[in-house]
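Pasting a structure below so you can have a look.
We call the chains A, B, C and D, going by the order they appear; numbering starts again at 1 in every chain.
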């Protein structure tokens, strides 16, 4: 019900607007005894933080996260963890025109229609700044996963930006954090830079596709019907600003495949079942197989562009909107750490759910 | 939390296995005073029912829905509505081999690993028979929508099956219910029939892509962040058996677009804002714009095929699986009425949520 | 949200009306591998069943429970368990007057005001028949508790009926099931019988107080603030028809005590902490101490009596109501098995929650 | 599920510990357009604030509430409202002994057993300081009620403290806020003062009984079975620290009454149905009748007293606990504004729920 909350047992409620005093995440359900501090969380926020490369908005925010509750002497206590990020770079400016105008592709118009009131400063609640709170909550989820499922990894990277894509044979997770595009192939970076530079010069923006993988998750996570692991992952990704599509494994391409091609055949390996392939993306019947869990999603191009677009004002009169100021030409880039955070939350949540309903570990032995 | 439940205010819990005595949907939160009876619901079940065309499984089930509670003198009372469908065509047979074997692409192995026990008869809980209960609950949602939002329509149709696709210029909703493929273009039916016949003869199966549209929804449905209308629609579709991808509006293609191309410009029409296009799929910031709400999803090819696939038994020994018996070569076909049902449930749910939080109708006036 | 559902991880949704075709409980979240069958559940339903003694309504219902899903080869599978009880004793009669009249003390008038429609047959959804479904779900909870927490017992008994009370020095759990009043003191039965006979002869009814105890629960069940074990127990008991008060440990009498008197002093016993007394009712800060968990509640006297009471009809005209027919002079008697069922559900729910959030068993060692 | 959250549509999640940097309430689901500011909320916090009279703890906290989100230009926006109260009076002291000792009657021991870690500073999460956050959330609920249900009042007052009680014939709501005991009878204040002074001198503490009334609620609030208005009120009150019993209307005394005495007869008044009495406490079948909604609850005596009580340390060794420092001799006094806050939240929540499921206002007309 709570529409600003996600998760079943690891429940994250984000709050706050782009230009209010602060924003944050209220996390209820984190297991006790998890070692965590602000510095640990900050590393994930720093990855998402704007103003770090020339490819993202130059808004300067330290995005410093504070833990206000639920952690004592360096460990979680099992009570709610409040993670707050104060807004510091609130440039004072005249919002007169923005306050009266609906920017195409933005939530301005739908928030107004729904609520009759909207915090127009920087997009208010609909701003991508809200995702900073998710990243903080995701950092906490990673800390808990490190305790509960050592070895489990969650990693995201870009796979497409407009016309440029990655070479899947060149994927190397170690290279992802070494470049501004979260690319798993350092060699591709110059091409991506040139392409985005062209987009920017054309006063345009561009969409992106991101892939997030969870490696090392045990089999058995997820549940039938509406608590499926893929259902929750789809919801988690679709809830990120500007996301328009979500795929598991083969994704939309599954519509083109035949059953012979799509089959992941099963073998008995040394440590349990193994599969000839992973068309399923690591999930069967909503429950993890133990393979890599593979999610992909598409982010639409930034709506705020320097090229004028036609729109209307609150009084219905026509206008043209040109968005000046600090905007990412490809918002998809900064969606990578956000998606990692969401996946970490979902995986932790299902680990806790599984433990609650079934107990420690999978119950069914094979072989 | 309830993993077999979906919805916030219109809450549907499905229950039942493929070969148990019955299955059904417990619906809590249907508004009172909605005229409905079993015959009304049956029309939707009849669309999903197997054994109706040569393209779907020949299992014969009347799928007759009974209303056991919550309806009195032809109207809902506001109390839970129990919709039960008895299983009648439970062929007695020897499950010996299936009981010991994990079929590739099925939930057999993950259910076993998670729970240590599975009802292997016909796939048990993971069978697509579960979707009959959803269709019943969706029929009730349609009855409520007919009262609360007259004129609102929910319509689904196939857009792709393997290599064949529809011509978007030929879409005619009136033709959808007149053919076995739920195609909005009657002229394409022979091509689709030939194609599927080829798949079947090759002892193969094939995936599909389905589009579902809600026309006539008011602006203002949905909510920020985790109660977004697109978030709930993505979860609803991904929860359907065999679905691997979900798209809103442009969907995954948004990753290829630029901001100039993707902009839906806004104009003032006679009855409110209008848009030059609908790349957004009728949703901005998680809230409906009043345009068509457009969802698309991909269904993987049926895993149960006559061509042998390698697998293992519960004891880990290798085996080959050939699925004989009654299986759809394209399970995507019967996903159409299921997806319509899910969309009807989501839209009704958000209508009730909006009414609860905001009151009747949108609050913000334009013009 | 779901207003006909209770529980966090062990979620019970009851459905059905007094005189509809059936009623039941949809149970989601029962752990897998729990041995259970219909006969096991039936023993609890038989305790609640009307028509068994001269002190309860003579309506004859077999109240035979059927398991429609979620159990396979004698064990739960982890999927939803549908427990259905068909209504068989639906005397056809003329509801003309009842349909138009609001009985004092009944939900007739509030259901009508809220929904504008009510199933007036036998009280519809507000009938105490709904509690049969709770007893079935409670039976399943007991089966799960027998697996997860062997030795844990849940026992309810009457402590007061109008002017008669039990002697607390005579409490013997072994005597509870041997008399019609669920009295823990067989010697008191004749007095209670005489008292109730007098009430009946006076065309009157009488209230009751019931105590339910959980013995053998581990320390650590419950959670801070709104998931407190006592919070959930209070809600569970207050949700039973006709209940007007709930107490934990000292209950309302705590208002009269001083801190010196109320203190439960702590000692170190052989197997962990022990307490000098149990004023707290086995719960501190919302979390179980390992002592007996003690809940008490009051049931108001049956509203349906043979003595005329003044009321109005739907058209507002005055009338007098005399309730003929089959009604318990003390509905509190049959509330005993219902309260046991609710407590079993709450305890199981918190066992699963604890396991989910914290893991198997309490984490903190003492001594 | 969220164990630190309550409410269905108006959802309040409190967070924070007694001696952490801050505590607060994350409120999701407040309707948009509600006029509110910090000063409005502060008046309710000031009523609960310690250090205001000689009868409550002398801890000095300004308890200044800050609105960090969800309010724009003096009105709620429909997005989450973050209400934060910083802790300022955190006396630095040596917690050595308290950190190792379990105080009788406190959550020290159960938190330790459950989580294996506890924030022992001032009771941590189990401190009654948490209720400051509830009062803030309740203030916001009152602001929303003022918009949605003008004329509706929520009022609490003490009815008993140990041996002293109020004279029900002298209840005057206008006197409640004029004395330190929230007594509705100013004439009784000296007696209560003397009594409490005696308790304090005896190095003792004492319990209390509080009554909270909602006047002016429309009929139709609440829902069958587990969303009953009385169920939610019972849970809300029982979730307050130190509460051991909750009553609706006659409460526990209902066990002593007969059906003839307990009947609230119904008449047709000018504006709808009226009742001869209110034994039911304004709720029938879980749904409001339009009469005063009457809840009563008991608070146990403060466990922290100057008289030594026996206990154990974490290592199991015996000790005696004497609680020095700033503690209320009757914690029940400050529970009054907390209970008002909880009732305001529950009533608002059910107003929104009713509007969502049924629409504006009751549906059923009488007369």
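Operating definition for what follows: contacts are C-beta pairs under 8 Å (C-beta built on N, C-alpha and C of every residue); 3 or more make two chains touch, one makes a residue touch a chain.
Predicted model, so just to flag it, every value in this text is computed and none were measured.
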{"item": "Starting at subunit A, fewest touch steps before arriving at subunit C", "value": "1"}
{"item": "Interface copy of A-D among A-B, A-C or B-C, judged by whether over half of the contact pairs recur", "value": "B-C"}
{"item": "Chain pair showing more contacts of the two, C-D and B-C", "value": "C-D"}
{"item": "Approximate Å spacing (C-alpha centroids) for the pair subunit C, subunit D", "value": "26"}
{"item": "Distance from the mean Cα position of subunit D to that of subunit B, given in whole angstrom", "value": "45"}
{"item": "Between subunit B and subunit C, centroid-to-centroid distance (C-alpha), Å", "value": "38"}
{"item": "Contacts with two or more other chains, residues of subunit D listed in rising order", "value": "1-5, 8-9, 14, 29, 32-33, 78-79, 114-117, 125, 224, 353, 358, 363"}
{"item": "List of subunit C residues in touch with subunit B within their complex", "value": "1-5, 8-9, 11, 13-17, 20-24, 26, 28-29, 32-33, 66, 68-70, 72-73, 75, 77-82, 84, 114-119, 124-125"}
{"item": "Residues of subunit A defined as touching subunit C within the complex", "value": "1, 9, 29, 31-33, 78-79, 224, 352-353, 355-360, 363"}
{"item": "Interfacial residue positions of subunit A with respect to subunit B in the complex", "value": "1-6, 8-9, 14, 102, 104-107, 109-117, 125-126, 130, 160-163, 199, 202, 204-209, 219-220, 222-228, 230-235, 237-239, 241, 244-268, 273, 276, 279-281, 283-290, 296, 298-305, 307, 309-312, 314-318, 332, 353-354, 358, 362-367"}
